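Next, two complexes with subunit A in common: one pairs it with subunit B, the other with subunit C.
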Partner chain A sequence: MTTFVIARNTFGEALRKRILWIFVIMTIALIALTVSFSQFTFREQLIVIRSLGLGLIAMVGLLIVLMLGINLMSVEIERRTIYTILSKPVRRHEFLLGKFFGAMLTLIVNLSLMSLVFVAMVTWKNNWHLELNLLKGTMMIFFELLIVGSVAMLFSVFTTPVVNFFLTSAVFIVGSLSDYTQSMASAENQSIGAKICYTVLHWATPQLGNYNIQNPLIHPNAVITSELRYYVINIIQALMWTAILLIISVLVFEKRDM
Partner chain B sequence: MAAAVKTEGLTKTYKLLTRREPVSAVSNLSIEVSEGEIFGFLGPNGAGKTTTIKMLLGLVYPSSGNAWILGKPAGDIEIKRQISYLPETPYFYDYMTGAEILRFYGRLFGLSDSVLNTKIVELLKIVGLYTDRNKTLNQYSKGMLQRIGIAQTLLNDPKLLILDEPTTGLDPLAHSDIRNLILKLKEQGKTVFLSSHQLSDVEMVCDRVAIMNRGKLLKIGHLSDMLSAGHVEIVASEIDDVTVNKLREYVHSVDKTEGYCVISQSEGECVNKTIDLIRQCKGQVVSIVPQRHTLEDLFVEMIREVNK
Partner chain C sequence: MNNKTRVLLIIIVVILLPMTAILQKNIDPQRAQFLPGKKGVGALMTNVDNNPVVLPGQFMIGALVGFREVIAGILWVKCDEFFHNGQYETVVPLVRMITWLDPHQIDVYCTGAWHIGYNFTDSGQRADYRYMPAAIALLKEGIQNNQGIYDPEQDLGFNLYQLKMYDLPQCIYWLRKAEAEKDSQYSISRLIAHALEKNGQLDECERQWRKCLKMADEQLARNPADAGARLHKEVSQRNYDEFLVRRTLYADLARQPADVHFDAQFKKLSSRVFQITGTANVPDSTRVRIEILQNGFKLKELKGFTWAIDQDATYLMENGMHGAMVQKGKFSRKYDLTLDTKQYPFKAENYTLKITLDPVDNTGVEARNKLGFTGEGLADQMYLDTSVKGFRRLQKVIHLKRSDFI
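After this line comes the complex of A and B, so read on.
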């Protein structure tokens, strides 16, 4: 119940942030703009719209999750609003989880809005052939950002927003290069030290590259073998990463002096 | 009856990167506040008052020692239903209106919307913000924020209120209102743990006070005992010089000006002996007034003495 109250409040606070809406509106406008591209063939146009649309949604989603995530706890501590709240019958983990769920709810609402416009535009451009398939792409973007949000939450418990921004961005970049780190870890021409380094990087960071499924969605010829299995495994991985990161956040937060 | 607040050897030290030795914020603090009491918690800046309050609320963990609130360990979640806290310079979500922030805090206590609807109106009227209830907090003045802070402390009808500088930033009228509110809370049997730099307020409302300096407890006791200077001032007229000399032999001071004689002596000395002497020389006793320190005198004197 308390977690819900905090989450609702965090969601309400986030919705009042104009900058988030500016991002969303600009993204929607850009998606609409891509529909007007006419210098390509019909098939190329659809590829460009799908590609740009998903890319924009992923980028803006990342900006939103970074903006919300890096400030989640640190701002509460900095602004001292946390004192009044934690002096009420609110457990520290309830507060932390409430903040996280509120931020993720904001992300879901923003992603949903952008996705709906995106699908509508592509459907219209594709002679009203419903392109619900694209929602799989935005769904995977959400799960990728769920992990990024949990990383930001963890750092938010004990760092300043600026430090958090760089740390979370670093994790995002390394995680997005998971295919690369994996291939470098197994490359034969690497030294043992480099191999260990790449292996640690690969396994110590979430493999965010797995959530980028733009290619099969954009290019109808590219296929994922056992699509359902791929989605299920990666979603479970996202949920596990999120759970682990939140548990660590709670443990750190519980020990922290305010 | 369990003490409203009790600490035993409460200590908080911080390790700083720049210093080898840990810095002590609160050192071996043992105090007890009875239920229904208004307890003043005083000290200059950096005395450890806010750290102590944070330890009582479970916001900061003690390095050693223990603290209990209403008989339960400090920070206990069920106890938090029975207490309330006003932080020094309260910060709230400034995009919310006065009514919305009270609703939010009320929900954290698990109060239903129907209860909150009446409670919020009642509290806003008590703190004089009813007409400003729909303004967002970023439009509130410092004094208005302080008043909304007071209102949120009353949401759960607490047994114990911990108020950290509740009158900061208030105009004289609001200041007086808050002081009266604290007295009213005492009448209702509530315990108030009041940390304040407004020593005149503390003197007017508190039953007992504790004075802290640099993390250590300097003095604790009833205000009446602490402020009693132990002196009596006797003003008399028509006293001859022989009697003045006799008085000077045993009293603290005797000043004779314009026909009046001001005799200052400690309560321990025999006041009756002085009066008898005045009568014997056919003098007139004009007044006998026991002298009191103000809390400010005592506070300044004590802190200066320690800081020497």
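After this line comes the complex of A and C, so read on.
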């Protein structure tokens, strides 16, 4: 219950931050403008519109998660409000989880708004043929950002916002390259050292590349087998990573001197 | 938090971590179908010197966050600029990058393979044949990534296998595939008929022309105003009529093949400068193929696209319309390769020079009237070669040493 109250407050606080709305409004405007970018392709205008739209949603979603994630704890500590809250019958893990869920609720609302506009734009450009398939893409973006948010939350309990920004960004980049790290780890012409390095990178960081499913969404003729199984496994994996990162965050936060 | 809860949470983390790895093991095999290309990523990003190629920072970030197709589009616009400046060696690595970012850009595959096959040349505008397998592999990758689309199949069959490699069976195979695709063009069906004639498959050629006519008639029955079908019918009818006339005429050639007194010589003029001269009693404008091949070197089919060719190999090929032209019974071609040490390193000790008069290289009417479809009009006491089944051609082989060139 306490967690829920904190989550609701965090969500309300996030909504009051105008910068988030500026992001969302700008993105919606850019998605609407994607129509004018379609000249970059010769045959299939929809390819560029879908690609640009999904890319924008992923990028703005990432910015929102970074902004919320790195500031969640630090602002409370800076303003010393955390001491007031923790002096009440609120346990540390309830506070931390409440903050996290509030941030993720904000993310869901923002992603939903952007997705709606995006689907509407594509549907309009595609002669009013409703493309609800694209929502799979934004769903997977959400689960990717859920992991990134947990990473930001973990770093926020023991680092400053600036350090947190760079560390979370680094994890995001390495994680997004999971297709490359896997390919490089199994490449025949690699040295053993490089293979070990790529293997460690592939297994030790969340494989965020898994959540990029743009290709079959952008090119609908791509044949995907066992699609549902893929989504289910990835969502379970995202929840596992989130759980792992949040548990570590709780363990670190519980030990931290306030 | 008490110690018991703390230990419990640590145990949960320890259990969950390997479970994510187990799930990833299940995800990895399925992941490939969500990637843009069917080939493994990361393995192909090298330039002509086989050095790694990386995207500029702003493009890398763009690609990372998901703007792959947009970045590919922008790079393709940039390619056009390089192309018009003649910077072909810059264009091709970019092509590789674009096809990696968006393997559904068919035009990029076709143009990239064309650059590799046609624009990597020496100072005399002769294509570097060592890269031909790379061009073929790039188009095959394009075909694999874009099933059901005729363009790359047509380009592979016509631009590379026919006009460069003179491998007519492969040309026909790929053109047949292109013809079978949805939205295939009429011209592909006509190209097949021409290739069948060149390859001496005369009955099949006749059937193909009749197929072209039937195709046009059917379309015109559906839509009498279809200008494309009307043109296809006119062109096919004219070509079919001419083919039937040739077939009758060339049947006579086979009864009386003429000795054309073919011969050829090689002469070194200075280091890396040499001349090939010869005689052939054939009509003016008949082409003679010249091939200098380092002994032991062979163009091999690549399993996947790579730049990693044998840079030490020497291979010079001038065939088809690029072959030496016969004028008044003689042909001569001077080669000055002093500026082309990279394309023709001449590092090996032994070379084979092949000078060939082959009907496959000749499409001109006058030459064909003398040579026939498959060389049935050709005879020669010295150099008649019938090693290619169904074909008669004249070939002189000269064995040379490195010192003959350098």
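Please note the rule applied: the second predicted complex is superposed on the first by the 250 of 258 C-alpha atoms of A that agree within 3 Å, B and C clash if a C-alpha of one lies under 4 Å from a C-alpha of the other, contacts with A are read in each partner's own complex, and residues count from 1 in each chain.
Just so it is clear, a residue touches a chain if its C-beta (ideal position, glycine included) is under 8 Å from a C-beta of that chain, and two chains touch if they have at least 3 such contacts.
Computed from a prediction, not measured in an experiment: that's the story for all the values here.
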item	value
Fit or clash between subunit C and subunit B when superposed on subunit A	fit
Partner chain(s) touched by A:129 [first = subunit B, second = subunit C, both, neither]	neither
First, second, both or neither for A:85, with subunit B first and subunit C second	first
Contacts of A:248 with subunit B and subunit C, given as first, second, both or neither	second
Subunit A: partner with more touched residues, subunit B or subunit C	C
Which of subunit B and subunit C A:5 touches, first, second, both or neither	first
Smallest separation of CA atoms, subunit C relative to subunit B, angstrom	10
Contacts on subunit A seen with subunit B and repeated with subunit C across the two complexes	91
Subunit A residues touching subunit B - in the complex, by the definition given at the top	1-2, 5-6, 9, 13, 16, 79-81, 83-91, 255, 257-258
In the complex with subunit A, residue positions of subunit B that touch it	54, 57-61, 77-78, 80-81, 83-85, 87, 89-93, 95, 104-105, 107-110, 149, 152, 156, 162
Footprint of subunit C on subunit A - complex, ascending	37, 40-44, 47-48, 50-52, 54-55, 58-59, 62, 91-93, 173, 176-177, 179-180, 182-184, 186-187, 203, 206-207, 209-210, 212-216, 218-219, 221-226, 229-230, 233-234, 236-237, 240-241, 243-244, 247-248, 250-251, 254
Residues of subunit C defined as touching subunit A within the complex	1, 6, 9-10, 12-13, 16-17, 19-21, 23-24, 26-28, 30-31, 33-36, 40-43, 62, 64-70, 73-74, 76-77, 102, 104-107, 148
